[in-house]
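Heads up, there are several structures right after this.
Shared between the two complexes below is chain A, which has chain B as its partner in the first and chain C in the second.
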Partner chain A sequence: MEISISEQNGVQVASVTGEVDLSTSPQVREALLKELGMGKGVIVDLSGVAYIDSSGVASLVEAFQTAKSKGQGFALAQVSETPMRVLKLARLDQVFVIYETVDEAVNALA
Partner chain B sequence: MNEQLELLIDMGRHYAETQDIEVTMGRALERITELMDVDGGALFVLEGGMDDGQLVCHASHGPVDIRGLSIPAGKGIVGRTVANNASETVWDAQNDPSFDKNLDKEHNFTTRSILSAPLSVKDECLGAIEVVNKSGGDGLFVAEDLQLLEALAASAALAISNARMAADVADKEVMRRELDRAGEIQRGLLPPPGDDESSIAGVNHPARVVSGDFYDFFTLYDGRIAFTLADVSGKGMNAALLMAKTASLFRCLGKEDLRPGRLLQRINAEVCETSMRGMFVTMVAGVYDPKTGRLVLANAGHEPPLLHTPDDDFLALEASAPPVGIPPELTGGGPVAEEVHHLDGGALYIFTDGATEGYIAPGEELGADGFQDMIRSGGAKGLSPQARINAIANRLSGASEALRDDVTVLVIDDAKALQERKKRADYDFEHDQQRAAPEMESPVEGPLCTLSVPARATSLKLIRQAVSNTALSCGFNNEVSQDLVLAVDEACQNVVRHAYGGREDGDMNIEIRLDASNYVVLIRDFAPAVDVSKIKPRALDDIRPGGLGVHFIREVMDDVQHMPPPDGQGNLLLLKKAI
Partner chain C sequence: MSDTSNPQPSNVIEVRDLVTHYGPREILHGINVDIVEGEIMVIMGGSGSGKSTFLRHLMALQPPTSGTIKILDEDVWNLSQKELFALRKKLGVAFQGGALFSSMTVGENIMLPLHEHTKLDRLTMEIMARMKLEVVDLSGFEDLMPSELSGGMIKRAAVARAIVMDPRILFFDEPSAGLDPVVSKQLDELILRLRDAMGMTICVVTHELESAFTIADRITVLDQGNILFVGSVEELKKHPSERIQNLLNRRSEEAEIDADEYLRRLTGDKEEAEGMPR
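Moving on to the complex of A and B:
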């Protein structure tokens, strides 16, 4: 699992690649919570995620709730097939704000 | 001399009644002072050696009670009597340089004259009796008085010696009985002897009442057999106690179904935690699967077990690690290395050096060759594994009065299991032929993959891979395969996070099998039992981190069951998905 951060129009974009599981999700959680203080909001690019489990989903939920409480934007972008399936199983596809592309998401949050 | 005999008989009878040597000595002194017609007397017993010991007053009669008074051996008049082992008369005590006047002053008493006689039996001096101040007549002792005291002292000494011996015998009897009981409990720690059908059997002949050797075996939940044989350094009670501890650890930790190398590592850690200084245990632990003949072995410093191959060769399997009881800091710790053997109808013999170094004739050891010969001849006679090793132990026990060392042998014989496997293979083959006839393809059943891994987050990737591979090969499509990966991952996460509570030293076993066109995953852990009633998925409209795992598992699988764990230990979860 790797996570890289870039900034676009004052929005933090976190690109996650690889497998997010019990051993790696704490890193995702930490990185997202840290970025939430940095700009207008956070976008998580899930295009490179090959696997995500409940602990990974929990990290996303926690970041989303923290963003809401701070009045910041939080969105998922380019959710690939595997993580989408997991979000659907958790019925969270209706809860998260999800964009097709990172650009769309940046435009919405900036 | 009647007085002398009477005193001896009286003391003997009195001790027999009271079993109290102190009271008997007091009574004897009282009799002596009466017979001698003196103001007082004292009986001193030598405690310790003549050079550095003390003369302690155990009985005192007269105006001054000096019981407990202790004089360095060799000091005073009584000391002189003991040192010379000879009686004497002191006519004028006040002017004898050895006389201690302080006692007189302290008790306002005047010692005029003293008779002192040793309490001696044969050449051994147990102490002395002193009497002071003749009461009657002119108050002066005469030669006959000293002769009388000598005779009475000799009787008293003999009675004391007899009583001591009796007490000693009684103590030894108590010890012997306790030892017998300890031996009985120890034998209870060993598994019962096997019958003719048993492929695993052990024998233990202790050289003394208790033993420092032990062996054990038991069947695991899936039919495999865990076994061990160990030899504690030293003999006697301390070795027996360490044996009991190690045996209990094996029983307890062995049921967690750890790999043998890991098991020995854990036992070592436990033994070292409460070390018995300088003691160690050489130990072999292993697991044998009668369904396949596969045997996994780990050896911590023990005599090399002998592998008797199907083509009648003997192979010595050397130890790869130091014995149990050597602190992990010194050896670097880590699991003991394991080796895998396929018995293929052969047998493994594990034994202590008491077996090969035992005498079969005065001064003649059985030896490694003799041991192998006995195995061969036992096999040729068609003896069962149990009878074969019994023959070895009996030969060593019968050859001399006492064994030189404990003799312990354990055998794992794969011959019967091999026959079973062949029968089953023939049966399966015939049935496969029959089944092959119809055009319908019938489902295959059996385990697809078994994993035994540490219960840690880092093990999950491996488990996911196993699920993904097996699911795809069972014909599930990509999406369902990924769902199965998620469900099993979540279930294993629960073991790591909840059952073991983040503890890192647990293990879990995952078995993936195909049963009647179901894809079945069995997840076994060895953590404390989980309260199943408390496991529920959370409501999905309750958006918060965590609690999703159980929901995923139930969403994906057709059936989720918490099974009663084998041996009542740990947890067993069954996940099922129809293919």
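Moving on to the complex of A and C:
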């Protein structure tokens, strides 16, 4: 699993690739919580995520709630089919703000 | 016909020539069966057919007298203790009676495997446990004790614990036993959702024909320690064997979500939740 951070129009874009599981989700959590201290908000680009388990989704949930408490934006972008199935199982597709593209998400948060 | 763009799913469990004894008595007489990735395999059979013993073998809990059991490409009884422990982390089990610890809350019961096997942050664990309670339609029950739950709720809480580690293979022992038809149907729907969403391979031991016909991709019928049949529901129904025909001749609305409230519930954000209408 790799996570790279870029900045677009004052919004932090976290691009995650690979598999997010019990061993790698703490890195995702730490990176997202750190980025929430900066900029207008955080977008998590999940296009490169082949698999995400419950610990990964829990990290996204915690980051989203932290963003809300700080008055920052938080969105998911390019959620591929497998992660979307996991989100839907716990009905979290109705909770997260999800955009089809990173550009759409940046325009919304910037 | 071959289709290289769509490879065949692999076997996640392979049982070869499995023989088991209890004392001098042979219980399983040379069982051969494969369980394929992503399928729901139902194991049926009358009392004394050996299905509970067979399930214990499939869960890597009991060594056979002879024969081999491969789970996720690992020859189970040739593994070191450490390797066996690592393999078992990939297996989830929902026991017939729930097997929840009565001295622990529902939430603590569900987090137990996470405490045992991971070093995740406490809040991450709590969110995971609450997510699983949402999946089994028990949201908000994490602080209750098992004694405060109904039979159907205990079964669902046990499922939440069994899936908290996102296992590759999930085992159910008599999931519908003792449940009314509506709750039983909800549990069947849950089993199907878990397979579809998580791609889990699921292995269910049940007596309930209706449940088996609803959830099974394939059914294995055990009879007196032998495999009588392995195949689809349709193949089973049409099977000419009198023994099989003798065996054969004996619902859930999704609530609308308040996204903010749901998020607070998952993160345990009590501060923000205060003053909110319940």
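Odds and ends about this structure:
The rule is simple: the second predicted complex is superposed on the first by the 110 of 110 C-alpha atoms of A that agree within 3 Å, B and C clash if a C-alpha of one lies under 4 Å from a C-alpha of the other, contacts with A are read in each partner's own complex, and residues count from 1 in each chain.
Everything that follows uses one rule, which is that a residue touches a chain if its C-beta (ideal position, glycine included) is under 8 Å from a C-beta of that chain, and two chains touch if they have at least 3 such contacts.
Only a predicted model underlies this, so the values are computations on that prediction, with no experimental measurement involved.
For the composite obtained by superposing both complexes on chain A, the positions of chain B and chain C are in clash. In the superposed pair of complexes, A:104 makes contact with neither chain B nor chain C. In the superposition on chain A, A:69 makes contact with chain C only, not with chain B. In the superposition on chain A, contact is made by A:19 with chain B only, not with chain C.
With the shared chain A as the reference for superposition, chain B clashes with chain C in the stretch 111-119, and the other listed options (21-29, 111-119, 147-155 or 237-245) are free of clashes. The intersection of chain A residues touching chain B with those touching chain C, taken from the two complexes, comprises 21-22, 53-55, 57-59, 61-62, 65, 82, 85-86, 89-92, 95.
By the touch criterion stated above, chain A contacts chain C in their complex at residues 21-22, 25-26, 29, 53-55, 57-59, 61-62, 64-65, 68-69, 82, 85-86, 88-92, 94-95.
Looking at the complex, you find that chain A touches chain B at residues 19, 21-23, 51, 53-55, 57-59, 61-62, 65, 82, 85-86, 89-92, 95. Of all residues in chain C, only 117-121, 123-125, 127-128, 131-132, 134-135, 164-166, 193-194, 196-199, 254, 257, 259, 262-264, 266-267, 269, 272 touch chain A in the complex they form. Against chain A, in their complex, chain B makes its touches with residues 456-458, 460-461, 464, 479, 482-483, 485-486, 489-490, 493, 496-497, 540, 543-549, 551-552, 555-556.
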